[in-house]
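Take a look at the structure set out below.
The first chain written gets the first letter, and so on, giving A, B, C and D; residue counts start at 1 in each chain.
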Amino acid sequence: MADVEEKVITALHDHDTFLDSSELIINMGPQHPATHGVYRVRLHLDGEKVLGAESYIGYLHRGVEKLGEHGDYRHYGPILDRMDYVASVSNNLGYCEAVEKLLGVQIPPRAQYLRVILTELQRIASHLVWLGTHAMDIGAMTIFLYCFREREKILNIFEKYFGARLTTNSFRIGGLQFDTYDGFEAECLDFCNDFPRRIAEYEQILSDNRIWIGRTRGIGILKAEDAIALGVTGPVLRGSGVKFDIRKAFPYECYADLDFDIPIGEMGDTYDRYLVRNEEMRQSRRIVMQAIEKLPDGPIMGKVTKVIRPPAGEVYHAIEAPKGELGFFVVSDGTTTPYRTRIRPPSFVNLQALPPMVRGQLVADVVAIIGTIDIVLGEIDR
Amino acid sequence: MPDEIKKDQPESKPPAPDSAKPAATPPPAGHAPGHPSVSEKKLATKAAAAASTPWTSPLVEEIKKRFQGSVIESHTMVGQNVIILETPSLIEVCKFVRENEIMPCDYLVDVTAVDYPSREKRFDVVYVLHSFKMNERVRLKIYVADNETIPSVTAIWPTANWLEREVFDMFGIKFSGHPDLKRILLPEGWKGHPLRKDYHLQQMDDEWVKANLNIETGQ
Amino acid sequence: MTFDQILFYCLAAIAIISALMVITRRNPVHSAMFLITTLFSVAGIYLQLHAEFLAAVQVIVYVGGIMVLFLFVIMLVNLEVVSTERRFNKQWIIALIASAVLLVEFGYVIVRGGKSSLLPPVTGPAQDLTRKNSEQIGLMLYQNYMLPFEIASLLLLVAIIGAVILAKRRLASDK
Amino acid sequence: MVEYFLIPAVQILIIFLVLLLFVAYATYLERKVVAFMQVRLGPMRVGPYGLLQPIADAVKLMFKEDIVPAGADKWIFMFAPVITMIPAFTVFSVIPFSDSHTTVFGYPVHLYITDVNVGILFVLALSSIGVFGIILGGWSSNSKYPLLGSLRSAAQMVSYEVAMGFAIVSVLIYSRSLSMIDIVNAQKDMGWWFAVIQPIGFFIYLICGVAETNRAPFDLPEAESELVAGFHTEYSGFRFAIYFMAEYANMILISSIAATLFWGGWLSPFPNVKALSFLQVVPGVVWFFLKVFFFMYLYIWLRATLPRFRYDQLMRVGWKYLIPISIGNVILTAVLRLYFRT
């Protein structure tokens, strides 16, 4: 515990360098191919060894939380799409559910199942982007294109369903805007049937590759107790061996009816997190297949008034977004405008774990560790 | 174009922009002991308040027993438990909440704040906690006045580091004992705290923008 | 003067001038660059002596190996301090006297030697063009000059071990 | 006079121009092969199948602004790319493309520029100069990422040149000559390519060759995801193009040397097998270029397949595995040669 505090809190001071060579301070970002956005980390180096790191964020700050207080409840959705822009479906799910909880609305089962299918597809898509960019950071560039090939299929389904590929927005407070198009189930199943072969392909290229193992095994180790103390969530937490997934801990939508496992890592290193995310993609595929099988008929919109005016009160609702716990703390004052919309972004909290993880590693590991945390700056800066 | 924006600047507006919308008026000042959602004003509006019922649990009892007068209120709302605390006892209670046997909340999920400008203690500071042992969550809440310094919980949950920095950045609430309390999302030297209710949506620090970006306006 | 002689004097001049530049440049990287030039000109002179093997090895070992290491260390270690220090200390008078004595000696030999010092025809093993250069060097090194060769290698070994020990002690004291 | 000056001059000109073309189309080859491996098309817009893309690239780079960063060591910054490029092209003067010679206007003309009796040492010496362009280019940019790239490059060159040298020595023990032509002829006399006799030496040479040219998975000096572009981050326009050309020229060079030393240069496969003598109908030059093409393909294949090594892992592979193995290989070869004198 004290150790963690020290890791997180100690300010940088003078370091001893090998052979009294000068300490090199290098700015990685805000424009750098491996920081996954406008993120800046200041590295103190001795040659190639990292003595310390400081994070600087906020370059993409757009005041999303403030914007939420200035429109009605429904206006917030499209703004949230721009937060985690590789998983916008999940953003909307979290917000809609938080407001539904405040309203006390039950959404019909068909809408629940469709929401699960779409968010799980989004999880696969998000993890594919992560795998591709992470592998590219480590130098395996072919994986990137393979991952985007599969992601393309998911985006095609999204395009047909939502009418948009990236900033999807058809989740409504109380249900969904659209019912499925003809052949939606078939296309999803088609993807799911093909997908295991594709994951096997990625794992064939990476999992047993000696260079890949050398670059990820034992790099950026985050022990379970450190992970909890630092508050990381999602695959980073599970990679450290903590079996915690909000879909299981506080089941929302219809997750209680679906059968899936939570993969966890052993050592908490970059390789474990890689395995965890790969397994999560498989589990998501399982969920999608089950959900399509069980997909009930019926309405897609619950009983919600035209003007959304939740009773005064406050609610904190979290969902398991691809990157971790995405929480919405919505305060209502009984009007049609949210009084306060706090977003608890997973990447923001996970990113705090970067400095302790990179200390003592090499420059090349820094990009591997940034990649393994899986950050999206739109969500961190909001 | 700059003239139009100038008109929107809050300097030329009355201090409380909410006064234009009577329904949005927050609970009356001096309401610290009660939960803001149960104000009569709210009940008078069309929307009913979400069911907020008093909540007791072994944890709350234990806190009440150990730290006399620390708990103002504890209730549950839409299935979520909230304990409202007195600020001075925050650190002791947090330490106890983290290490007790009944429901050890070893995991700090979120720290945030809500601004009610017309209240005497205008801010709610909210700590969302999770207990892996019980798989349960609880929210701690304290009322903070403007310019009041509250103790930092970074020593108990290191996660609070950035979360408290964000609260400081957005609301201007100062945390004592925080190792590195500076702005996190906004640049150093920016004036104003955007998530306060009296900070206008289009407001910005013109001086800073001129000095650092060499442009008249950031719009 | 033949083409050979012109070439020789050009190379010699380049070698001497760049050697002077090595010690007068403030920027250590520039110094290193001039040292490389010097080594190259010397390699050129070897070529004129029909010692192609020696010339190639000179470039591979000194330019390709040692100078790269020099540059590596120069870049790694903070040299802003070095470049602001005074370049010459009090020994420069003694050094100047020693060089002057050497110059006088050279001058004496050249003047006394007369025409023979101009650039004699290649003599010795390198004269035998029927045998390969590397073969001759091998034979000379391992037959005629076996003992000096072994002593030189022992000396280098001692230097390596010394360097390792110095570096190790340094690392241990860090901890 | 014609024999001594004119013919070599024309030869040099022709080889230089052909090499430039090869370098340009090596980039095209790389983009197409990588695209093929990554289920995409690669350049398709300029000319049929994008065949004119390299030329378009060259023209574009030539007309781009030549930026010298503030605070850069101007002269070294401008010279560094040239230092890399000149040796990369000069070395081809000793590469024998074939031993056949033709008669042009009554003068015998060889398919190589010259045969130096220390040919392979000449190659090594010149290629060790090329690295200075990278080191100095990174240092003179007065920027931190290029500096790190330079440091990596320097360390990498020093470590891998040693193992490479030993791998070549193991070949020299068999060829008993440093001349490139003699080395190929020795393979002809033995009836085997040296790759068969010296498999360990061959593999060490291949690995070191990839490392020497800063290609994936050893592309640390220019690792685009860590050091942005390493030593040539600050370069633009034609100076960048020169670095680029030098890299591809070096790839062709390493492939040519691999073909010459280990795959019998211009010889057809299995030169001693009578049944396969019909293969000798194909001219030696074609065999040579086929072999070079294969090695080039191998380079690209590696790049599309493998992740990048880390700096310390690279050093470990070099010092802990390649150098001891290559030294052991040399000693073993020498002992075998001594006892089984052929």
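Simple rule for what comes next: contacts are C-beta pairs under 8 Å (C-beta built on N, C-alpha and C of every residue); 3 or more make two chains touch, one makes a residue touch a chain.
Being a predicted model, the structure only gives us computed values, none of them experimental.
Listing every chain that touches chain A and chain B alike gives an empty result. Looking at which two chains touch through the most C-beta pairs, you get A-B.
Central chain by Cα centroid: A, whose mean Cα position is closest to the mean of all protein Cα atoms. Note: the chain lying farthest from chain B is C, by mean C-alpha position. Centre to centre, using the average C-alpha position, chain A and chain D are separated by 44 Å.
Chain B and chain C have centres, each the mean of its CA atoms, that are 73 Å apart. Chain C and chain D have centres, each the mean of its CA atoms, that are 29 Å apart. Chain centres here are Cα averages; for chain A and chain C they lie 61 Å apart. Contacts with at least two other chains are made by residues 151 of chain D.
In chain A, the residues that reach two or more other chains under the touch definition are 47.
Note for the complex: chain D touches chain A at residues 34, 37-40, 144-145, 148, 151-152, 216-217, 219-220, 223-228, 303-313. Put simply, chain C touches chain D in their complex at residues 27, 29-30, 33, 36, 52-53, 56-57, 59-60, 63-65, 67-69, 71-72, 75-76, 132-134. Listed in rising order, the residues of chain B touching chain A in the complex are 21, 23-24, 26, 36-37, 39, 42, 45-50, 52, 77-80, 106-110, 112, 114-115, 126, 128, 132, 135, 137, 139, 154-155, 157-159, 161-163, 166, 170, 179-180, 183-187, 194-195, 199, 201.
Per the touch definition, chain A reaches chain D in the complex via residues 24, 26, 32-34, 47-48, 135-142, 145-146, 149, 205-206, 209, 211-212, 214-215, 362-367.
By the touch rule above, chain A contacts chain B in their complex via residues 4-5, 8-9, 11, 57-58, 61, 63, 65-67, 70, 101-102, 104, 228-231, 242, 244, 249-250, 309-316, 318, 325, 327, 329, 331-335, 337, 339-340, 342, 344, 348-349, 351-352, 381-382.
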